[in-house]
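Order of writing sets the chain letters: A, B, C, D and E. Residues in each chain are counted from 1.
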Amino acid sequence: MTTTAPAAAQPRRAAKAARRWRFLARRLGFYLAALWSAVTLNFLLPRLMPGDAAVGIIERLERVSGQQVSPSAVESIQRLFGDPDANLLRQYFAYLGQIVRLDFGVSVQSFPTPVSDLLAQSLPWTVGLVGATTVLAFVLGTGLGVLAGWRAGSRFDAVVSPLTTFVSSVPYFWVALLALWAFGFLLGWFPLSGGYDPDAASGPAFFLSVLHYGALPAATIVFSAFGGWLLGMRNMMVTTVREDYVLLAKAKGLSPRRVMLRYAARNAILPNFTGFALALGGVLGGALLTEIVFSYPGMGYLLYSALNQRDYPVMQGVFLLITIAVLIANLLADSVYALLDPRIREGR
Amino acid sequence: MTMFLRGWKVRVGLTVLGFFTFLAVFGPWLTEHVVGIDPRANDITAIAAPPGGDHLLGTTQFGQDVLAQVIAGARGSLFVGVLAAAIGTALAILVGVTSGYFGGTVDNVLNLLTNIVLVLPGLPLLLIIAGYLQGTGLWVIALVIGLLGWPGGARTLRAQSLSIANRDFLVAMRMLGEKRRRLVFFEVLPHLSGLIASMFLHAMIGGIMAEAGLAFLGITDSSAVSWGTMIQAAQQQSAVLRGLWWWFVPPGLCIALIGTAAALVNFGVDELANPKLRAATRSATRRARVAARAAGGEA
Amino acid sequence: APGNTAGGGADTLVIGKTDAGTTYPRNFNVVGPATQKTPGASLIYEPLVRTDYSDGATTKPWLAESWEFSDGGATLSFTIREGVTFSDDRPLTADDVHFSLNLPLDQPQFNIAGVTYTAVEKVDDKTVAVHFAQPAYSELNQFANPQLPMVPKHIWADQDLNTWTNPDPVGTGPVTLASFSAQQVTLATRADYWGGTPRMKTVKIIPTSQDAVKAQLLRGEVDWAATSWPGADKEYVAVDPEHHQYQQYATGRAYALVFNAARTPFDDPALRRALSLTIPRTDIVATLNRPGTEAGPTGLAEQVYGDWLKADYRDADPAIDVEGARKALSDGGFTVENGALTKNGQSFTPTLSFNQDYGWGAYADIIVNSWRKTFGLTVKTVGVPSVNLYEQQQLGDFDLTVAEIGGPGVFATYAGFNSKYTKPLGQKAPANFGRFTDPDLDAAIQAMAGTDDEGRLKELAKDAQTVVVEQVPFAPIYNSYWFININSKRWGGWPDPQDFDRVPFPDLGPDAARTLLGLTPTGRK
Amino acid sequence: MSVRVADEVTAVETATVLDVDGLNVEYVTGDVPVRACVDVSFSLRRGEILGVAGESGSGKSTLITALTRLQRPPAVITGGRILFHPEGRRAPVDLVSASDRQLRRLRWTSLSIVLQSAMDALNPVARIGAQFVDVLRAHDPGLSKQAARERAVELLGMVGISADRARSYPHEMSGGMRQRATIALALACEPELVVMDEPTTAVDVVMQRQILAQVLRLRAELGFAVVFVTHDLSLLLELADRIAIMYAGRVVEIGAAESIYRAPRHPYTRGLRDSFPPLSAPLRTLSGIPGSPPDLRRPPGGCPFHPRCPDRFTGCEEHLPVMSTVDDGLVACRLHESGGVS
Amino acid sequence: MTAPILEARDVSMHFTVRGAFGQTAVVRAVEGATLALRPGGIVALVGESGSGKTTLARLLARFHRPTSGEIRLRGEPVGKRGDRAYHRDVQMVFQDPFGSLNPLHRVRYNLERALRLHHGVKDRAELERRVVELLERVSLVPARDFVDKFPHELSGGQRQRVVIARALAVEPAVLLGDEPISMLDVSIRLDMLNLLARLREEEGLALLYITHDIASARYLCDEIVVMYAGRMVEGGPKEDVLARPLHPYTRLLIESSPDPDRGRAALFDGADELGEPPSLIDPPAGCRFHPRCPFAMARCRTEAPPRTTVSSGQWAHCWLLDGQETT
């Protein structure tokens, strides 16, 4: 409807840049609001919920030491972990201050190890395992989805799509259990727990052991995640293949491969891509159960153990980190989507 | 509707869903009168017994009958799935349709809320909240899953009702002088019913899976039987590594089956909404190929 | 090779640790309340005395060569063992002991061991004395607590324990930290350890899971672990009877059904007895895969407390006693109507809260099913996660619950039922969650605290047992054990549960040290 | 052949470029197939514009896609031949049975298409220029990227789009511009035949006029033949050399534009002509055609138009009229069957 | 001439739009439009796509509130009236007959709602009678065959009749038709136009007929108003406007419309370089047509031309007419 006269291009471009900035500012505002909500929620949850950290420690101490924690020890522990009666508002601002300084406090279960140490220890594992598998599942699922959608109704499609439906309906931790049993326990091909071979301390041996240890968890994550991408991509492909521009591309006598990839898939992938960016954001919190099944030393496991022991500082740290990752991924999704789809890029 | 029922996917899906619904509704009656075994009774003479004899699907480490538990578990799992889906979908409708239809400040506020809840990481948050509320029963678990499960749907519904709100027939009815509430319920909502049904099915699968996942982490009502608690119990007793497959395979399989069934029904719903998908089914292609071959055309 | 986790050589012992998550923090701050510390700390830092589970859980010397009560039991002087050195070659001195014992008094928030003495005094270069407010013969075992270790004053004196993680620990134990990684702790044994020289050069501790460790044991990747393995006979021992050992050592504690005596109708001992008599202990241990481990009526395991037990209570028949139970119920004036307990027109539908983290639900089912069968009584089971359950127990917010009872010694076991710990319902009680009050038991405990004469102690212990068996503050279900998994292909010399002087439990510091010292290489890799 | 065409096209080639013979296309859905093109036959000479007019659902788009073998499932060609006579080659190619490779070679270099909605016909995520380069290089692998880009600019210039627009995305251009771009795109490889499916329905009259003027001009320059489909008969009357009228999947009349306007033979053609009120001629009350088009799943027996036909007589509901030659045209109506079967 | 029943006086409509990036812009969709509808009269509003025809109709239907100017119903400014009362007099018919009927409701529902809302008819039999009567008025006979049909069971023309019947159920004084026939099959369009003409005759409705097809406008209406880029450029009795267009844009529009009766030679001449309609976000100053106008003068670029009325009530906004005013 609106056409740009070439002569007016210069001032237009400047105006467009200004608008872009304003847009970015707005988005940033949203992200800050979301972050603030997450932080506040994070602050409030442990305080609104019944029970305190000391109970968790005492219970666990009893279990570990096999001895009843004596009444005087109980008092000591309660003294060590905070004064629950302190002013809530003051606590809140102190907390915000801490967050800004990236100080997540001291872990309860590993007292006095700083939470940030624990986070730093777990982060690479999860990012490595889940990050890689998320990418892999996306590539695999989307690739197969392109094929299935391109030949919708073919035998390949007729077999792959329902099968995938089933596969993606299987609870993934259950698959993980089965895989662990079959390939780890019965066949002994893969280790049953851990992230690497501690004896292969460095160099290529270390790297290989990481691959070896990660193979089974990775396979189960890919197994249960690729189906979603496949089905999504297939349906988008089926819709896109019927678009006129694909028909026209075919009429142009281009090779089917080119039509499939450059015209159909290139357009069909757009919604899947948003999902992908979000999935990347979910990486940190995503494979919790898998990590637990395989005793993989990642964030999920950390969160789980923190949860069990009411280690609030760790829980808060993990949760915050995950939220930040999701927000960054959203921001990324926004911007990369705009890169991929010129209709959005130019802001219509 | 008849077209909806025609595809094999929908029929298979509905049959399986129906079967499990039947189990959920009549489960207790079935276990008592047909199987004849209380899912919680312990047969100490048959501990971790493989399928056969008195126990068709074998027994657990506690001498409890797996078949009876699977039947009883249908109720727990479906209860959580359906309730969570109902809560999530209801909220999604409330927020999404209100936001999309009314627009303005209401929309801005609700949209911000939706987006914020959407970016909060689901499973960890679920875990944390459910963790705080531990041991409080399937109700609470369903509630928590539902309360966190609405934003995606709300976003879709918002977009949809936004577009419907500007459709001519709505404008026309508004010009007739229909009240807003009536417009929303009689004109907008029926249009979203396919989408809502699809959302509900998705949410139900999600709810069942989430319950199982939470149970696996020990966040569950262990005095209720659900497939999730069965898997959890099996895992706790190392059933997997001890090869007691009859204990953990049936509940996992049931979840997979019900998920597949819901997904299959969803295919039908999708195809109903998007004729392009319908034309891309195997039967349609086959029919076309036969016709072409009969005519001898098209190399 | 796949999963070559151990990579242990002929001079390495590999311990698989199943209860500490997937990674270790580097935290040797042993007096902190952390539940996730670097494992192996109890082999580095040692207490003054140890508890001997092969002898009625009595106290035996460790870093203290001997001790002596004076002031009628209100003062306790320890004579420090000679020749003990820290791993930085400095000798253990009375100053170190004084510092270590004084630490919980000095900084009460680190009184994790729960010490009860009120002052510490260095008597001479070899002697340190502690003072109590009252006679404390029975409280000697607190010095065996791993949370009360002897630490080097020259290192610890100027650290802020609120932030210090003690990354490079220096202690008196048989090992030192050789290298640390989040997924493996490597300890080097000390040639100059006061107790002798272990034969291995390194001890590795790797994190693993309860399931994974079984495979690792089978493959010989782990030499030593402590995890319960129902079915180990078939799945493990039978595979290689010569090297695969699955050992059980009674901890002296027991899982018990605890009654909330502060709530009607559980204030009635007749009801408690009726319920206790109909707990199908044999069924439970059968599903646990631990036949023969039913607990006796006193809650004291015979394996540990053999000669402390009253003759009547030995070899108790674990079978349920339907007749006795029904009689007890009607003696108490109870009837069961429509599944509810009824007395004097009041009716009760009790609940049984159990720890759902350990899959206790099925055992709870077994118990309530038996009650339903015997009395027609309906009891609801409620699974509660461990932490919440613990909190509920402290608050007295339960009817019936399951808890582990016991401690090092008869005194420690029964002291927890002293009425002095009871608190009104809704307030946290540090012990005695069932709010049990019985003057006879209180008196027996009081008397035990005031003597160290073993004959007298045994007599008092029997009095206490009588109260417990008759008043039933709790109904013991099954005994608790340390489950030890051993693959002795590379290392021999393990203790035998039939006749042992040390429990080969890796976290039981002094016992673990003694175990290490006893191990001999088999020469295989 | 119209005189006006002779004025504009210097060398009118009388050779046939396309011969459609008994073409049948069905949509194979549900239990009963939709017969969207039934026994369609016509031929097209080089440089000629054949207009195809008909109501919505009469099978025009189906015909256009079938002509280029682009019909989408569930559409299936169930019979007939489409003989394409490439320039300089003796043997015609039957597009119906041609292999995919054969077709691909013919596509765009000999046979191109313009679709109804330009917004949908251009790849939304590729720049306009790139879409030209794409097809140019696909058919001439020797062409350098730079040369292809220059050619794209040249082609766009041909339809009055400035060079800097080559770097635009489709959504950045107005509807008219896009439609002109797709026409330029169709001419990129200088085809002999361009089929156009309502290329101007989505734009308004002023733009329509510009676009059609350009098509006419370019045809004069390049000499391609056109099959032009629309529901706007009044437009065709001005534009086309010959016009085919479709009803219910059948061609009911073909004739020179002039005679279709002045003397339509088929009652439907007449009705259609009278559905367009005049812009300058004196006004009179017009009636259109009563009733509505048939359901192609269950077309009425006999002449498909008979239920709406003002001139029907007994037998129309039973006998399917055959194509008969009447003067310089063909008509399928029993009123004119006496003229003899062609 | 009878008094106008519905009038737009100098109304403007500016939309604020927000792009995908959150930036805002003002679309001047309608500016300074003046229009009067009289009972029994049909006004055709023509213009190319995006010229603001629909927006003006929606303003008249009170679907939008004008940015400036006023709408008068029976000579009174609206604004005090409630929406329902207003819509009792003014109803609208949309372009897409499928889109303006909810596919989930039967014909009966649509008509009954209108009757209930505006006439409070509750009685079943009475409702039934009036529904049948309405269907007969729009020539959907036999009416009983149609009452229980769903929209998808009807052809386009039948659907549009239902839409009109629904509007008539209110018994309005004014009917606004926004391209009511453009989505219909060519063969049915005339039928529809004839129906509208009949309604005007029989009920004395005032009708606004929006179209981009000048030929049909000529066929149906009495008066033609031409819009260009949000502004009215010309209006007057139809034959005058078509035979002697005053504004260059009107001329262009008429010339562009297909007309087989006209010689072909002139038609496609010089059509190449006509340019495009302007952006409404940033419209040209002065006369909005000046960038495309072959007669553009310096003045056209800066000043908007005023309304000039010539004989017989034909008027236009064009500087070429400056000083030719006749009254």
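Here is the rule we go by: a contact is a pair of C-beta atoms (placed from the backbone, for glycine too) under 8 Å apart; a residue touches a chain by one contact, two chains touch by 3 or more.
Labels paired with UniProt names: A, B = ABC transporter permease; D, E = ABC transporter ATP-binding protein.
Predicted model only: the values in this text are computed from it and were never measured.
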Steps in the shortest chain-to-chain touch route ending at chain E and beginning at chain C: 2
Chain pair, A-B or B-E, that carries the greater number of C-beta contacts: A-B
Whole-Å separation of chain centres (CA-atom averages), chain A against chain D: 53
Averaged-CA centre spacing for the pair chain C and chain B, given as whole angstrom: 45
Whole-Å gap between the CA centroids of chain A and chain C: 40
Chain D and chain E, separation of their C-alpha mean positions in angstrom: 32
Residue list for chain E, restricted to those that touch at least two other chains: 276
For chain C, residues that touch 2 or more chains besides their own: 211, 215, 357, 385, 388
Residue list for chain D, restricted to those that touch at least two other chains: 73, 174, 177
Contact footprint of chain E on chain D as seen in their complex: 4, 55-57, 160, 174-177, 203-210, 212-214, 216-217, 231-235, 237-238, 261, 271-272, 274-281, 283, 285-290, 292-293
Footprint of chain A on chain B - complex, ascending: 9, 112, 115-116, 119-125, 127-129, 131-133, 205, 209, 212-213, 216-218, 231, 235, 240-241, 243, 248, 252, 255-260, 262-264, 267, 270, 274, 276-277, 279-282, 284-286
Footprint of chain B on chain C - complex, ascending: 210-211, 214-215, 230-231, 235, 280, 283, 286-287, 289, 356-359, 361-363, 365-366, 369, 380-385, 388-389
Partner chain E, residues of chain B touching it in the complex: 167-178, 187, 190-191
Contact footprint of chain B on chain D as seen in their complex: 24, 26, 28-29, 33, 73-80, 96-100
